[in-house]
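Following: one structure in structure tokens, then a few remarks.
Going by the order they are written in, the chains are A, B, C, D, E and F; count residues from 1 in each one.
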């Protein structure tokens, strides 16, 4: 519940890179027009319905351009609302102008992911299904996007290739069948989750016999899903994936699968609409 | 016309970071199931209409996981088509499996940006307007996204705060008016483009008098745009921004503005749908 | 089974850092004494009984100092033997001298970890217990050390704080008991292993009731371990830790625990004794 | 005497890397179980006899996970003692849990090096010999390990290939003999120490004649060492190396050599046994 | 006018690298001779006529070696003067000694660039010409050197290959003539300055017809320059380059060119002579 | 004599940084004007008398922009000559244009350092004095500049604060006199050169008595230097520094000092004048 402390170095690095990309050798407009010592207050506002996430990243942007800036969050992350104030930050006017776009880019993108997740979660709220993310994330931003999924009410699937076993068709083929693959994986990684993709009833039994604690039902029709869930009968967890949209997710959830993984959460979420307003302070100190 | 050579180090770094994020300490599934020495061919296919971009990034992903892999592009970047083969790569099967998701994530996202750009360009194709990107890009991916915009038929606005002057309302206020801001900027950066946001006829004249070569018309209605373009009368370039969608961009273009900048190109483009199929080779060399 | 491809970037980075540390601004001895163009062959030999691991790292060291060097492994990693040849590399003599110490440091340390692991594995070979490593690794070398543990016949516990839940006394206290902690963790991370430390029979039942798939029995006596294993009765996996030495590990294994985790594998393994012999080639090309 | 200020950037980098390795995308256990705002005090204790070193590194670990944590050292580095308190740190409970293992890994390893060094120094305390480290260090940790050797009462040999000349058999062979090698080195690097390995009386004279200020006596028996020291007769410094153990080092020192270099100090020091106890604060501020 | 905030990360990185290069594993002299806790004041003085620039870099050096040091600038950057105090900093004596050389190297070099620029600016002060820098900068220091040029009264040409188009002879040849090259560039980069090198009257007309806003007159004699400026007649900006020295720059300026670019500003500026005096404080706290 | 292999990683990093600085997001001029697949040959020529150094750095620049480029050195580094060809490289035309400025900047600067060093060495060629560099180097380029000094016939003083002890006035004051400082340093760093600044005859005796192997005579007049050298009488090495110019260095050398250190070699060397000519190949392959 205090993820912020944990990811600090990562956020710092992402922000440094994003600022480098935008600021490069310096903000020529600000250098030409803003008198040294000018102070201002920036207010960010949410302009469309959704869920805010990414305040720690935004705060870091302002901190890197003006270590002495005062940052005030004005919203609770992870809560759906129609619009409203997001944050307020007072500091050196030039630094705020330099930070503006990078802060909004991060906040808008992460809030977009949280918002789309919340829409999927809402669509299955009357079922027992959990919405999971995937590895279909934006290169360089996976950890932040996965945190945004949590903020939107979803849960995280594995972080990468290293922290869970997911046996797909190709792996099963090379290992000599899905059962053999599960057995090999259990010997190799006794401390990680093992999930196996199954395509029909025979594979379901083979994977269960080998001890797979979760089965992936990929690109199945709603009828196929329902049948597979029935066959598993609680002997393992079940996860649906493939062809999931806001229109279909409810029906899929009602087949009884426990998990539904959705690539769109992270690869196709539109940015949430935000604005930043700058107010100059009257009496700028030197 | 040979952008590939130019951005090599950047692509390398982005790919290294993306692989690190996904692979971490190793692909446990592959390690448990794929026999050493297995060789395979991966084929990527475009499954929805659009424009492919990002082959250099995809090639680099496969190169980093298997330096000896043979990579064959099967599509011309920047050309709209309904679907079709994208690339083929032969190499170590474990390495291909490790590369798969990172390659698809990059290719899908960049092709998504190119595709959305192409839609906007198509929507104004019977006008003289040029579609521009903005600084509303994904943190860490700006250069690649801007190249994707080019591939989609758009043109690039400034890369960041450093390579063009864009005087907005706040800058003008701090410099003592838009005219004073333009004059200050011309003295400070004689070798960069200077663009000034103008809100009404008086500011248009003030900016022109100070020698601004381009005017930004932000969040104006179509009627206001038309009037502003008429007033400028060719004395400077004009650029519209704000509230631009696929529905409105045609009408905006017909006001006679030369440039239309669209944040959505890079901050809200859905990924293009791609698939990867793996074929194992029969006789795996040791 | 092809971990090498997977960890390539990591090995490269570790080697670059190690070389930077040792070579700094250049090998002054070699610069003063070795004629340009001199070629040589280096042969590394194992001088004490144990298990070799780290050839990929050693190869990378030689590759970074002489990309054209020819590297020949002369031993199978992961196999116990009394002594024997390890590798042979031909190349620029100056480059070999620069690489020597860094290559031996990596190879000696990793082989030391593999060797100590093999001793523990041998000590429990007639039981069903699996030897696990811990997070007590050398800063900066965790992934390589965990690979060395695999080479020595052990298995890996979690890679870090991110890829499995391990609820210790403090976590349980803060979550309101071990059962509440397990329940919270299952909701938060449905795709990761959840292990809970239990101190007595009541906690065992509480953790099992909450659905913990593995229990950690820390610092228990052999009698306590035996009783705990009996109580669990196969309802979850069991893992012993604390106070494990080569003298005690056999007795611990015979209590019936499935896993025994041993910090010493990585924090106190002495380096394996290796030597490098350099032979100059007679006719040095220019 | 204020080495801390000097190595700050290096310590920061090593700690960042070690935390990244352990924390990755976040501590899932803590995130699931520790309420936000919980505060605690961590106390580290030395549980076995030895010398503590590495407080600056430990402090940096806690600083990176909680910049506001209060850190209190409770021991003087470099002093032998049976056991006792090491440090105390108050801060955010989640941050302390995240920091715990990384701090202990660094502190345990560096204190292990200092402790083993102190044992060697004690073994020669009644002779004039100085115990030196070597380049047989853990990749990535050389500077810290060399500081730990100082803390244990040893002295540092060269940092790497760049800051002293050490002419071994191979260099001498390539330069046309040890005398020629010393002469070449003196011309090439007039501002660095030059040491030459000598194998017999003739080479001793040759090296001395060429002006070598220190001679390396590698893998000699105690009798050979004694004879060599007598022959040198104070015309240069002498250093013994090879086959040095806690059992043999006293005898070696009594041959009259000035320096004894010991690889085991850094490549085979077992970690010093430390524990960390966490106490929660009753009234956690928000 | 507040460039300092903008370049913070860059300055930090340059200083970190410079300190790493100089300090390495630690200042052995200071470690051996300066008692812990000693405090001192360092005063930097300008000893030769010129313009000071680089205080932000110097401040960062002292900050990195002693975060608590108090730094006091004693000079206005960008102003010519014969000599005088530059800055004063109080802090840990060991840290000041570690920082001294790196701070002076940066300050001396950047002030050297500012000073040489000021000499060129002075030499054309009675003309309308602006002195520009070039891309002939010191690798790794371009942004700082370009800021020093501004401080010396010059203006900046493009930062690199990315932020302006400069069509030289080779580009024109490959594009099918200077006119075709200008046309291609205008289509490709509508938001960047386009400058074209022209060698004679025909090329001037060709470039102007294609819409080039600036012409480069490279290596022309004063008479050729005068004729070219006359022919252009205000239809575009003009820039002279090649063979510009302090002796010739005045004459070149009087041909009427608007810009004169001078590589020597950054590739051949001698360092400005500075000294640092250290005063120990009497009562050193522990 | 094979410094190239040794510094490879460093050269690579310096070149990567320099290219990043110049190329940024891409060479817009080349992208707009050079047809893909165009091939060319670049020839670099020395246009003023001096010593070439930096071919390894130049080669790395071309390698990074076109890994397949063929690079041919046409000059021996370290040899004085009036002018002549330097190198030739064939490859992708766009890549050569991207590399041109960075390669020339490195080569011009390093050759400038080698050339100025050669002038100083020539000025003392009829004495026994050795010209040394100092730590007054360009931030980020020290190792390359020190190699350039070697190429110019000079020798290197210490690389930084870490690889030799240089006791200056302040250190002596804090340690209780120059003799006490030398004694402390000998105990602290037995494997590094120890040099002490001495200001008069009493300090000379004090430093010699404490065993300093080299004395620094800073800012002494020629008469004072001669007297100091006489007093030392071969009991230690002597080094002059301060106020050394090409006009005074000969006279200083004839006082009998063994070493003369000259800051200007690295902080004030003008770049050597070089040009690059590009020839397009007729038949460009696709």
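Annotations
In this section, a contact is a pair of C-beta atoms (placed from the backbone, for glycine too) under 8 Å apart; a residue touches a chain by one contact, two chains touch by 3 or more.
Everything numeric here is computed off the predicted structure, so don't read it as measured data.
Annotation of subunit A and subunit E: jointly contacted by B, D, touch as defined at the top.
The set of chains touching subunit C and also touching subunit F is given as B, D.
Chain centres computed from CA atoms place F at the largest separation from subunit A. The pair from C-D, C-F or B-E that reproduces the interface of A-E, where over half of the contact pairs by residue number are the same, turns out to be C-F.
Under half of the residue numbers at the subunit A-subunit D interface are used by both copies of the sequence. If each chain is reduced to the centroid of its CA atoms, subunit B and subunit F end up 43 Å from each other. Once the centre of each chain is set as its mean CA position, subunit D and subunit F turn out to be 32 Å apart. As a whole-number value, the distance joining the C-alpha centres of subunit E and subunit F reads 22 Å. Residue positions 23-27, 30-32, 34-35, 98, 142-143, 159, 161-164, 187-189, 192 of subunit D are each in touch with at least two other chains. Looking at which chains touch one another, you get A-B, A-C, A-D, A-E, B-C, B-E, B-F, C-D, C-F, D-E, D-F, E-F.
Touching subunit F in their complex are the following residues of subunit E: 14-15, 17-18, 21-35, 38, 40, 93, 97-98, 101-102, 104-106, 108-109, 112, 135-143, 159-168, 170-175, 181, 184-185, 187-189, 192, 263-264, 267-268, 270-271, 278, 280. Chain contact summary for the complex, subunit A toward subunit C: residues 6, 130, 132, 155-159, 162-164, 188-193, 195, 213-214, 237, 259.
Touching subunit E in their complex are the following residues of subunit D: 1-3, 5-10, 142-143, 146-147, 159. By the touch criterion given at the top, residues 16, 19-20, 23-27, 30-32, 34-37, 64-66, 92, 94-95, 98 of subunit A touch subunit E in their complex.
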